[in-house]
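Look for chain A in each of the two complexes below; its partner is chain B in the first and chain C in the second.
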Partner chain A sequence: MDSIMLGLLNVLSPFNLLVIAAGTGIGIFVGAMPGLSATMAIALLLPVTFGMDPAAGISMLASLYMGAMYGGSISAILLRTPGTPAAAATVLDGYPMAQQGRAGKALGVSLTASLIGGVISSIALLTVAPVLGKAALSFGPVELFAIAVLGITIIGSLSSGSPIKGILSGVVGLLIAMIGMDPISGTPRFTFGTMYLFNGISFIVALIGLFSIPQALRLVEKDDGVQKALSSFKDKMLPTFKELKSMIVTILRSSVIGVFTGLIPGTGGDTACWFGYNEAKRFSKEKEKFGTGHPEGVAAAEAANNAVVGGALIPTITLGIPGSSATAILLGGLMVHGIMPGPTLMTDHALITYTLIWAVLLSNVFMFAEGLLLTRAAVTVTKVPNKVLAPIIVILCVIGSFTISNSIVDVFVMFSFGILGYFMDKLSIPTPPMVVGMILGMMLDISMNQSLLISDGSWMIFITTPLPAILLFIALISVLQATPIFRIIKQRLKKIAR
Partner chain B sequence: MIENVFWKKAIMSGIAVSLMLSLTACGTTSQPTATPSAPKVSDYPNKPIAVLQGFKAGGGSDQLAQVTQPYLQKILGKTLVNQYIPGATGAIAWTQLAKQTEPDGYTISITNTPMLMTNYLMNAEIKYSIDELTPIANVVTDPGILVVSKDSPFKTYQDFEAYVKANPGKLTIGNSGTGGDDFFSILQWEKATGLSVKMIPFEGDGPSWQAAAGNKVQASSTNLGVVYSQVKGGNLRALALYSEKRNELLPDVPTLKELGFNMVAGSSRGYSAPKGIPDDVKKKLTDAFVEMAKDPAFIKGLQDSALPIDIKIGDDYGKYLKEQEAVFKGIWDSVKDSIKK
Partner chain C sequence: MNNLAKHGLASALTLTLAIVFYVNSLKLPDAAASLPRILAVIIILLSFAMFGEAWYNERKNRKVQQESNEPIHGFRVFVFAALIALYVILIKPLGYFVVTPLFLIVALSYLKATQLWKSVLIALGFTFFCYMLFVWFLSLPIPMGLFS
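Up next is the complex of A and B:
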């Protein structure tokens, strides 16, 4: 209890407040830049924090993480290019809203949902972290496989319109995920003899290309007609009480999904936004509205990705297990400060840990305030002529894809995916299923192989363990939902009742 | 009209190129004026030194860099600038070091075993070899360690061994990935004991020990520095250490040598330069490591980070790399056909 209060006092020191405010602001800014992700920003800023007091440095990085999760939605909504991979699902409803002249509302919904998601996850972090942290250890290969399968079913719901084209896109994504060294035998697959493909294709690089380059090309192709609707920023930003009430269930559901997705090692905001979006659509009575500019779609994705921050930090601080790629870098930062990540973080380094937790909670407040200010300014982006905006997007994509591993090969990969995305767009093949396939493909591959190694090749392992069995059952139902089976059964039941 | 534009562009680019050339010429002509005054005694280092890291910021290499480099900077009097070039388990950075780097001592790299050697032993696509490097110094060797979950039925190494003897090829043991140090350690152990286990590769040390802690696999072969805090915190139990002698961090954990198997394994991290750096530059660098190793503050810094110090300077480090290469080649040749089926 003492350390909780000491942490609060520590975080309220002027320097720490300044650092958190700065971190959040940088986060929103970097997040809003297409091509620059939260993980990358944390990696870039990490060496800067080496000179700081560990508590302040880590707090700054964590608040940057929180800010970037909201920031990503700004460009997703205004430019149709997700600022971070975690905002990819926000594009689906955010950009249509902006086209309808409701950009302000979309950003307001995003900010509110981010705030609620972030606060819920911070409270979970502060109160039930030790209990939930243990849960991270219960996710082994078998469980991860089931989660990946469940995630793959999202492809189905993202393929509205033409299921065949959606599935095609998803399968290509899964195949792309197979590029690189085989995780079990170490044999390079589809690498064409170049070691630059040994680690596979980074889905972040592919996503930058797939979403941003086609949009830059579209901007050049189109005249400035679309912009008029965007620049009329007259609607009220924050959602009214009534609007909020209609979305609150979705936001809360997404927040819980976000916390748990964050908790699971290996999955982060990039996965959570799709899970949140998918579940919101599943439970909605107006499924057909999703993808056409439905505020609930924005709220679902944005609450989920901000809730990941707290969720991913839970196993990070209780066990020293990073819950996402961004928290993995945070842990690295702690190690560099000479703090051994592990169970001792909560005891030996309680002051730093609790300062960090309070900083995460506070960063939500800063995010909301700074978000309101910055967003107003950000909308002016839409007043920039297309022929100026498009090259800027391309430059940011080049910088973003290069910075991930300081590799020029990644820039070429990004452009290749950009061209692919452009033609997919022309053929109206949706790109989101491909991204989902790429994110989950690697996880599916390695977890399935590990599980089968453990079980001596018996597939029963997936059914005989309770949690995976339940998850796979849900996945099966999701697949069946897309077929007429349920409707037929319902009709039969009605007949029998009569 | 079109031709006009073309010529304009051609002239502009011509001017640009000649400007660049003259600038570089200025750069090169100004240098010789400095050297004649001191022909043999070089002023190395007179500019920042780049340190290539084959892994991401915040990883094990970075940890070593952050602990070591403040001391090196003080001794050498110049800053060391980290360049992170992750990919292909370090091979992209090391290929760059061996093939594309000027051997002037202004670009060095953190070199990690066994990946430094196993990369090219296992993949024909990777072309560098340790013969194209100048080993400067090893700094840390993180010994391998065998861990099980805190509620595992194996209380001691003897329990573990008895189980494996009774159930050949049944026990699941996690490693940090095919071709990693733990992968080779388990193979070495199998060879030394004549026993066999079921190896489950993970993506890194973290997922490997986490699977053991969560009872997803029955044991994990990993590194002391990685799991020390988990062993201390009670999430894992250490059964055996693969080092020469016991470690003061975990004095109760026996070594495999004590248990009767002549086996030492682990992963080490040091610094190397490209082949062919001038002798005086090499001496400056190796001397810097010798001096650093005497600094008690440096030693304490390593201890605080649970990084077991293992200084090997210059040719000693080169010899060590050569020996390791032979060991890994032997192991890999004996198992590669069964793994790459």
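Up next is the complex of A and C:
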């Protein structure tokens, strides 16, 4: 309880409030720009937090994540182009509302639903994380090994596109994490005689390249289309109490959906918004209104994508397993300050962790206030041409990766990963599993070797201990469902059932 | 290059990576080599699986991803990537204040993003903004080159 209160007091310090407000504001603007994702914005802002106190830095990144989730709806409603993939379902009813002259109302509904979704997910984070964190403290290396294996297989198999490619990307990430000094024996591994590789490849450098350079290259590969955009809106933003009452059940349902979707590694706002939207339509008595400019459609999608933030942070904080690419970068933000993610995060670094949790809750309030004040201004930034943004992103990547350890080699590594990410994108190989693999690699290696030491080299320890056995079984299922074997078994079972 | 050839190349690359790491792990003590060896074997299997999947999709003539009809300017991407490479190479010897505005002006002009005078204004303004943010506000280092 003391840690929770200390976190609250820390988050209320003037500097922390300032960085949360700044992070939320930047998030709203970046989210509003089509072509710029929340993940990329967090990756680019990460070096900016190096010079800050860890609690302030991580709070700024988390509030940017929250702000970007709402910001994505601005261009979805006004331009029919989602600012972030998480706002894809918002287009369906948001854009028709704008065409009917109700753009302000659509944005207001989006903002209110985002606030409620965000607050519910923050409360879930504040209540579930300490309990789960306490349980995670009893985990030994065998359990941690199983959790890491489960994390990488689930994020790999649930990533967009082919599960085979997702898992391959994750395993390549794990292999890259093996470069450097072996944590158990101290032997240099795969350094190929290069001094730089003795410390391993910094995953922060890699993620800046993987998430930002491909985005910059994608922005220049096509001509800027002429968008029939609304340059302003005149109607009132906030919904009336009657309107809010008619949508509240949908908002609450979508918020719960968002929290649970966020909990599953590999699924994020982009999945949650469709899930929330479809469920709202399924339960609605006015199904035919969905897709024609129905405020409930906007509310369902927006509550779900903001609720993902708190949900995704639960496994990130308690177990050190990032639920999405954005939370993977948040973990990177902690690691930059020498804080190793994992079950001890809630005890050894309780102040930072609870400050972060309170910052997520508080960022919703800032998002609502700044949303009311800044949405009209954010409409202007949607007009910035992609070709102007691309070189600016590159400069932030180069300077950001240089500042990590004052090394130009880091910049070369960042650029190489950027080019790799571009080609991976062209082949529909997801990049988030690779980053998560790079984060989990060390944890997997240490826990595996410690477990084998405990069992005198017997691999049976992973099967004979109940919890790891269950987790590894789930991991095996998630891998098998990516193969034709699963389809064959499913067909056989169907035949038997008939 | 068709989809199957692209996937073939990607599979060959991941396969080579896995083999190089596996062979290299033979020189390591068992404790340090066990996980990398397991991972290398998994990558080898997944590389074949990825190629197999691409081959299966090609045979079924199924398009994995719907590409937009809008043409992609491959040459423009190549030139822009080359400009980034040049920027990365030159920033250490020449310094941030020389290379950053130059990169911005050249890139914005090549991409025909805006008029030249606006490009110059953006270049100077953003170079100054980044310096203020990283060096003045956050006390972080930037490559100074000729100005060091």
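The rule is short, and it goes like this: the second predicted complex is superposed on the first by the 270 of 498 C-alpha atoms of A that agree within 3 Å, B and C clash if a C-alpha of one lies under 4 Å from a C-alpha of the other, contacts with A are read in each partner's own complex, and residues count from 1 in each chain.
Keep this in mind: contacts are C-beta pairs under 8 Å (C-beta built on N, C-alpha and C of every residue); 3 or more make two chains touch, one makes a residue touch a chain.
Keep in mind the model is a prediction, meaning the values are calculated, not measured.
> Tell me which partner A:Asn406 touches in the superposition: chain B (first), chain C (second), both or neither.
The answer is both, since A:Asn406 touches chain B and chain C.
> Which partner does A:Pro130 contact after superposing on A: first (chain B), second (chain C), both, neither?
neither
> Contacts for A:Asp445 in the overlay, against chain B (first) and chain C (second): which applies, first, second, both or neither?
Once the two structures are laid over each other on A, A:Asp445 reaches chain C alone.
> By the touch definition at the top of the document, which applies to A:Gly193: first (chain B), second (chain C), both, or neither?
first
> Of the two partner chains, chain B (first) and chain C (second), which one does A:Ile184 touch, if any: first, second, both, or neither?
both
> So, A:Pro47: does it touch chain B (first), chain C (second), both, or neither?
both
> Residue overlap on chain A between the chain B contact set and the chain C contact set?
47, 50, 184-185, 187, 406
> For chain A, which residues count as touching chain B in their complex?
43, 46-47, 50, 136-142, 181, 183-188, 191, 193-196, 198-199, 265-266, 319-322, 328-333, 335-336, 338, 340-344, 405-407, 446, 450, 453-454
> Chain C touches which residues of chain A in the complex?
47-48, 50-52, 161-162, 164-165, 167-168, 171-172, 174-175, 178, 182, 184-185, 187, 189-190, 192, 213, 216-217, 220-223, 225, 385, 387-388, 390-392, 394-396, 398-399, 402-403, 406, 408, 411-412, 415, 418-419, 422-423, 426-429, 444-445, 448-449, 452, 483
> Once bound in the complex, which stretches of chain C touch chain A?
For this pair, the touching residues of chain C are 6-7, 10, 14, 17-18, 21, 24-25, 28-29, 31-36, 39-40, 42-43, 46-47, 49-50, 53, 64-65, 70-74, 76-77, 80-81, 84-85, 87-88, 91-92, 96, 100, 103-104, 107-108, 111-114, 122, 126, 130, 133-134, 137-143.
> For the complex, which residues does chain B have touching chain A?
56-59, 62-63, 66-67, 82-89, 91-92, 95, 122-123, 125-126, 172, 177-179, 198-203, 206-207, 210-211, 213-214, 216-217, 228-230, 232-235, 301, 304-306, 339-341
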